[in-house]
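In the two complexes that follow, subunit A is the common piece, with subunit B as its partner first and subunit C second.
Right, the complex of A and B next:
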């Protein structure tokens, strides 16, 4: 019982700064998610239309390389280039999340039955009509699951962004390590998990709604 | 009317897919492109809505060169049914059928009425099916939707690429029948690709038989069956189908032995013979085998006292063994159950075996056709 009352005490004293950390965390994560979706999904679609296999291969290789760099190292590399704080964190996390979503979008677009595409063409769909009414809706389950997985990753990786001074729940965890404060570590972790679960739930709802045209 | 004039298609690697294709697809007819796989039939069909481009030649759509038309507008004017149905799985049946009218920005009310009308046309209840998804339908139902989707915007021309090949034989038969019925109602120009000769013979007004990128023969099913251009055509049609279309020689249809009576025997005797063998007519011959005439039981019974030769039935006309079976068929409207067959010197050879003839006719007119 001691632990619970102590923890309650901890919250009532620190809730204002905990909420600040959480808000920071969410701002970084959501910025990265939004940028990633808006850059990667169109890129993935564009790549399926690309005839040149070499360029396609090269783009995947680049995305792959970012993925293989350890997260902490990628964040560290940003410091000499962009300094510390919000911007380098967002850039690093964006580069890091490029591959999973790119790959899913690409796979989703590739999964559309070529016969369906031919049927659409033959019925007189223009390129963009076909993309928005046929191909994208059919690729949507792949794209959405890509977005969901990537979002959960990003929220968890954002914890590391605290290392280059971007703030967020990582700060809480790091401080907890410094002060050897279990409550801080636990709170930082559990809140990051909760944001991830909550976002996954929202995106799941969105997916269901979007897949019904 | 769609005309393909001197069409050639050569791929970049030098492979010549189509060689000098000349076809006129007449309005309101079912035109079937047929041939073994890789013969260019689907390619030829896709030239028309510009899904495939040609290297040389000219295609006229109602007199207008299709290269001068906007491909998207052209495609919206032409219905398109593809091999594996190609319904959009993420759309309801309603939205699938309404696809082209929506692209053409028809009024909502008009689209709704049109979709309902089309569903009724293929006997699917709009209330039940409109809001279902393609995955909730059977193969035959899906293909019906595929067909009416192509009809939705009232195109004058419909392209169909092996639309029924994936169906079970029963559904296929049904849909072929429905297509023929629909064609009578709506009178479209249909260009239909298949590799199934039975299907082609059943539905086609014009058959275009292709091989290795060129046309081997074109004509009505009748013409192709009667005059196959070469051995390839014969082989492709199949000996079985060809055989059935040709009437057997008359010699094969003669029934011997037969009951007869001599011209000097009594009428009483002739009646006895007929009753004994349970026949209603009996041919009368001279001793040397010459045919005299035919007497029927009714006349014989009511004129027992008269000579046989006075009772000959003038309506029984004998046929000659060298007559063609086709000609014999034409004369058969007299409806007699006995038709004597004579040799050229008027000797009686036998009787026309009508049971056998009907059997042959039955086979030819589809008793067994159409079922694989």
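Right, the complex of A and C next:
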């Protein structure tokens, strides 16, 4: 019980700054998620239409390489180019999330049976009509699961942004490590988990709604 | 039956692991000790000096575990008997280890508190200081200080609402000697305060993204990047005097190692330590090389 009252006191003393950290965390991760979705999904679709296998392979290789750079290293590499804070954090996290979403979108589009496309063509569907009425709805489960997995990753990776002065819940965790405060570490961790679970839940609901249409 | 075999194999493996973890014997019959240091270069130099002297004068060996994030992880290792020696600072005594500690910036009293409180809590010997002081301090660019004739932290307050502070992640949240205490003492705050990795803090001020940093007083980067430390005119920052510490049980069993650790007391002053760190951080020489050269200069090693 003692721990609980202590923890309650911790919250009553720190809630303002905890909420600040959480807001920063959400702003960074949501910005990254939105940019990633709007860049990567169209890119993945475009790649399925691309005839040149070499360019396609190259693009996957590049996305792959970004994925393999250790997170802290990539953040550090960003500093001389983009400085400290929000921008380098967003760019670095975006580069990380490229691959999982790109692969899923690509696989989803590939999964559409070519015969269905042929049939649509025969029925007089134009390219864009085919894309939006047939291919995308069929690829949706893949794309959405890509978005969900990537979002959860991004929220967890955002804790590292604290190392380059971008703030977020990582600040709370690192402060707890340096200041010998387990409550800070615990709170930063649990809030990051909660944001991830919450977002995954919302995206799950969205997926259900979209797939009904 | 298969399952039973599995358990057997697993427990044998566990036993081997446990046996392997105990302070093993060194090659020529001595003991192997473990010494811990955090990320800061001065602590790494301290344990390296201890290692070189112990291995030179006795049959024992010292393994170094370095780059630990901060002091709480070192104390955790001491508590679990994973570390026999470590390099720590007196000011750590205010770092949220004791609820009832009285805060003072007097160096002697702080040292006494660290020696008695940590000594009691972790059953360790906290040696007298190595000789240098590594306080937190506030530094700005030299040009900026000159232009505006700022010398003290009180002077800096006039400009604070236009300045961005870069600091380590913990300072913002520390109670006594952190940002909130600073605001109480000096009655001003900076336009923005950002926590980050210490190494990046200096890059940030060098390329103009930060105006003020919380530097450590031995950091050679102060010299390298042309920074000026503001005088702490209201005596806010607590003293951080570095000491080696040792497990009581270890030095009771091996008094010769106690004697060696004792011989390191008072050997490096702040200026000397800044030079040594400069060699490592800026000239990129290895800690071992720098520590060896230092000991040879001092005549403590042949």
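Odds and ends about this structure:
As a working rule, the second predicted complex is superposed on the first by the 213 of 213 C-alpha atoms of A that agree within 3 Å, B and C clash if a C-alpha of one lies under 4 Å from a C-alpha of the other, contacts with A are read in each partner's own complex, and residues count from 1 in each chain.
Throughout what follows, a contact is a pair of C-beta atoms (placed from the backbone, for glycine too) under 8 Å apart; a residue touches a chain by one contact, two chains touch by 3 or more.
Predicted model, so just to flag it, every value in this text is computed and none were measured.
Model built by superposing both complexes on subunit A: subunit B and subunit C fit together without a clash. By the touch criterion stated above, A:42 is placed in contact with neither subunit B nor subunit C.
Applying the stated contact rule after C-alpha superposition, one finds that A:123 touches subunit B and leaves subunit C untouched.
Contacts of A:204 after superposition on the shared chain: neither subunit B nor subunit C is touched. Looking at the shared chain after the overlay, A:57 reaches neither subunit B nor subunit C. Between subunit B and subunit C, C touches the greater number of residues of subunit A. Look at A:115: by the touch rule set out above, it reaches subunit B but stays clear of subunit C. By the touch criterion defined above, A:70 reaches neither subunit B nor subunit C.
Once the two complexes are laid over each other on the shared chain, residue contacts for A:163 go to subunit C alone; subunit B is not touched.
The gap separating subunit B from subunit C in the superposed three-chain model is 45 Å, by closest C-alpha atoms. Looking at the complex, you find that subunit C touches subunit A at residues 69-73, 75, 95-97, 166, 168-170, 172-174, 178, 194-197, 200, 203-204, 207, 209-210. Against subunit C, the residues of subunit A that register as touching in their complex are 17, 76, 79-80, 83-85, 162-167, 170-172, 174-181, 184. Within the complex formed with subunit B, the residues of subunit A that make contact are 113, 115-116, 118-126, 129, 134, 137-138, 140, 211, 213.
Residues of subunit B that touch subunit A in their complex: 46, 49, 51, 72-76, 80, 82-84, 86, 88-91, 95, 99-100, 103, 149-150, 159.
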